[in-house]
Amino acid sequence: MSFELTDEQLITRDAVRQFADSTVAPIAAEIDRDHRAPLENLPAMAELGLLGMTVPEELGGSGSGTVSYVIAVEELARRCASHAVIVEAHSSLCCWPIVAFGNPEQHQAYLPDLAGGAKIGAFCLTEPGAGTDAASLTSSARRDGDQWVLNGQKVFITNGGFADVFVVFARTDPEAPSAKGISAFIVDRQTAGLTVGDPERKLGIRGSSTTPVSFSDLRLPATSLLGREGQGFAIAMRTLDGGRTGIAAQALGIAQGAYETAVAYAKERIQFGRPIANLQAIQWMIADMATDLEAGRLLCYQAADLEERHLDFAIQASMAKLFCAPMSVRVASSAIQVLGGVGYTESYPVERAYRDAKITEIYEGTNEVQRLVISKSQLR
Amino acid sequence: MTIAVAYKWAPEAQEASVDAAGRVDFSRAKDKISDYDAVAIQVGRRLADATGQALVGVTVSGPQAGQPVATKAALARGLDSVLVLAEEGLDRIGPSATASLLAGLVRQLDDVSLVLAGDSSTDVGARMTATLLAGRLGWACLTDVEQLDWSGSDWSITRTQTWGVETFKVTGPAVLALSPTAAAVKAPGMKDILAAGKKPVRPVALTDLGLERPDQGETRATARLTGPSRQGVVIDVSDPDAAAAVLVAALRQSGLLVEGSQE
Amino acid sequence: MTVSYVIAAGHAQVGDLVATARILSERVIGLVVGPETVARQVAQAGLDQVLWLGQPGQSALEAFAPAVAEIVRAQPGHVLAGRRSADRVLLGAAAAAIDALLVVGPTELAAEGDLTLVTAPVNGGLALSTVAFSGPLACLLDGGPVPDGPAGPIQSASGPLAEIGLVSLQPAASQTVDVAAAPRVVGIGGGLKSAQDLGLVEALAQSLNAALGCSRPVAEGLGWLPKERYIGLSGAHIAPQLYVAVGISGQLQHMAGCRQSETIVAINIDPEAPIMAQADYVLPGDLYQIVPALTRALA
């Protein structure tokens, strides 16, 4: 058994860290304050290859492997959770299902552009009446000759404001039991009948664009069907399994960034004539935060490693997310506590980390859904 | 034709500490390709592509520089291959020794048109390695190079000195030390990182080069570097204007405020 | 070694070089590249011999490196040079020609039989090390002005030149700030809250007739000042008469670049900051109050 990262994984960490420090960190506070997506950084992210890590080399990506990918998400989140979720939604939720379930024509049509960053992807599952209970979605796709006619309303779509390609889930068989009648489609933004609504004003990850997306008699060619008819729900669930590792990595990175700020501050801040790092109250918080991070990292990398080796990883991914998401909120909260009053202000990035961390307990499966998945596997 | 880049896998001096006896402790400093060398590699890649040459890294250090993670980190930044002299006792050798061994490595390469180097190295900071290497090779040398291009018949080199901006041309083989401003260093891309593992690494031993371990003298003592002893006069600042008056009077009395233009 | 060489490329700042060379050997020879006026100035430095290699004309000063190497190879000795670009290139060529050991900024030199004992900063100034070496040394150190003295004779010399053609020289439009050369320097560090407040320390620098420098994060992390203003280990090494460190904590890596300052004034809100133990005048207080007060007091 080895817990060592490979050379490539170590170098990936250094490379993404260099990028995050030099290019992401300087605008992180500003995009948060202005609720603005960091579109100016997308070309540089594409050039670095951050948008093609889940796509094989022969289709224009880097095929870096899941561990390198989660390390990249973690390193982005260490500086800015919004950058991390843009990459995560694009890579895990749009590129990945097209790689896994697309046919060769769909691979050629979409993956080189997505992997190279010429196009950005999004994932449309959630509806106003179908959040955690995704199988109850009501968007519909009706056959009309060799076309599909799509109608429905999606909400909370990450990257919605600027995505070019949407993987959309809709009911193709109203007669079938709820999960069975759902199919997946690849939809281009330009298609007539697609409307993107105003972005949400959010507690955190304010640099990620979260919008409603609606379809009104949107006509798709038959070739837009991703996978088989009726396979949609399975595709969504498999996609979210992988996404959970990515969100765990995002949570981990947010916590790591907050932790580092707290440690640096504790060493410098003088109270009672010496650095507060000399106080046991602070030392204990640092110890707990470091242990939390170590545990989260092991769970997250283990899930990624299983996925990379094509082994069953879904339960480990749920566990990684169930541990890392609350851990991230906890560590960010402790970081604020270490900084005290200034930690509660925008002078330091820990208040942003705290707000950003909260979403990781909710999206791509709430803590409660993860517990459901895990307990089912244990009580079988 | 080949462009060689001298690089170093060395600890980041910003993370070093010094103990009471003056021993520099790099144990908490992580080894990396220094920012200076990253500039040289990036400029080298651009020139190699523009002139159809191979870009080969040369490095001299302890065994850690020969580990795959070190050579891959260098290759991921754009080198086509690396020639590595990594032996026990060769880490943290001084610029004189480094330059003589780098010259041995450059001589192993055929048809070298340029050797590029960073302006400084991360753990030593003497800014002399490139000039000593040029001396060993007997080649032309310029430092502080900010712009470097192939005109079709010669290398066009621009640098800024205090007296102005100089442009030179060099035809023959040369050693050029690049200013940190010569390129905005980019992180290695994801594809480059994976490609690095497939590029050739040629380990070389001192004996292959027919070179001896360079004589660096015998270290007799180390000490903390403290500079001149300081007076340590603490000025009460409860009234800032009074404190300022006290300081200005003291500086004036020491002759430190003599009027005169800057040199 | 019976002979030492002092290199002067395009300037006559060899005062301290000659003084150091005198410690190392009886006979000191100047190797001058540049205009004849420079050779004449160097000849006032009390050298035993001055060899003038000529003017670069349409070449770089660095083109003389092979000629310098040839002279030194013919009669090996210690070689000393200043820190300018061309000085460093000529020194490198001479040192390589005779297997000299490079020493940067030696603080002490002494003979011990056939050995020379050299104490010098290592690792860019993090610590001091004393080394015993049997061969010639190549010393890189700060030059210093030549005192007025009787002019000695100048001999012309020649040798092989490298091909480095000067295509153009565009004189600097405005004098660029060289913090390493300024007699007075104000340094600003992380104590400054925002780039907008730079005016505060600029005003102080102006009233002191000082150059403005900074710690590494201000130049490289925050980018509030150009990189050449950064004082420290891998940045400028300064040795001014007066260094006023404002809001700089004084980490080892910064002190490596400024500890040779004659007088250091430290203004810092943290009385425990490392710089407070390494300064001549210590003002433990808020820079936002002290700096304007100081500027007023200097007006």
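Should a chain be cited, it is by its letter among A, B and C, assigned in written order, with residues numbered from 1 in that chain.
Methods note: a residue touches a chain if its C-beta (ideal position, glycine included) is under 8 Å from a C-beta of that chain, and two chains touch if they have at least 3 such contacts.
The shown structure was predicted, so the numbers you read here are calculated from the model rather than taken from an experiment.
Set against the Cα centre of chain B, the chain with the most distant centre is A.
Among all pairs of chains, B-C has the largest number of C-beta pairs in contact. Chain B and chain C have Cα centroids separated by 18 Å. Put simply, the C-alpha centre of chain A and that of chain C have 52 angstrom between them. With centres taken as mean Cα positions, chain B sits 39 Å from chain A. Across the assembly, chain A contributes no residue in contact with two or more other chains.
By the touch criterion given at the top, residues 13-14, 16-18, 22-24, 36, 92, 94-96, 99-100, 103, 120, 122-128, 130-136, 138-144, 156, 159-172, 174, 180-181, 215-228, 230-235, 237, 240-241, 243-245, 247-248, 250-251, 254, 256-257, 259-263 of chain B touch chain C in their complex. On chain A, the positions that touch chain B within their shared complex are 7-8, 10-12, 14-16, 18-19, 22, 47-50, 52-53, 57, 62-64, 68, 72.
Across the interface of their complex, chain B is touched by residues 60, 62-63, 65-66, 69, 83, 85, 88-89, 91-97, 99-102, 104, 117-119, 121-135, 138, 140, 162-172, 175-176, 178, 181-184, 208-211, 216, 227, 233-234, 241-242, 252-253, 255-256, 259-265, 277-285, 289-290, 292-294, 296-298 of chain C.
Residues 32, 68-69, 72-73, 76, 185-194, 196-197 of chain B are the ones that touch chain A when the two sit in their complex.
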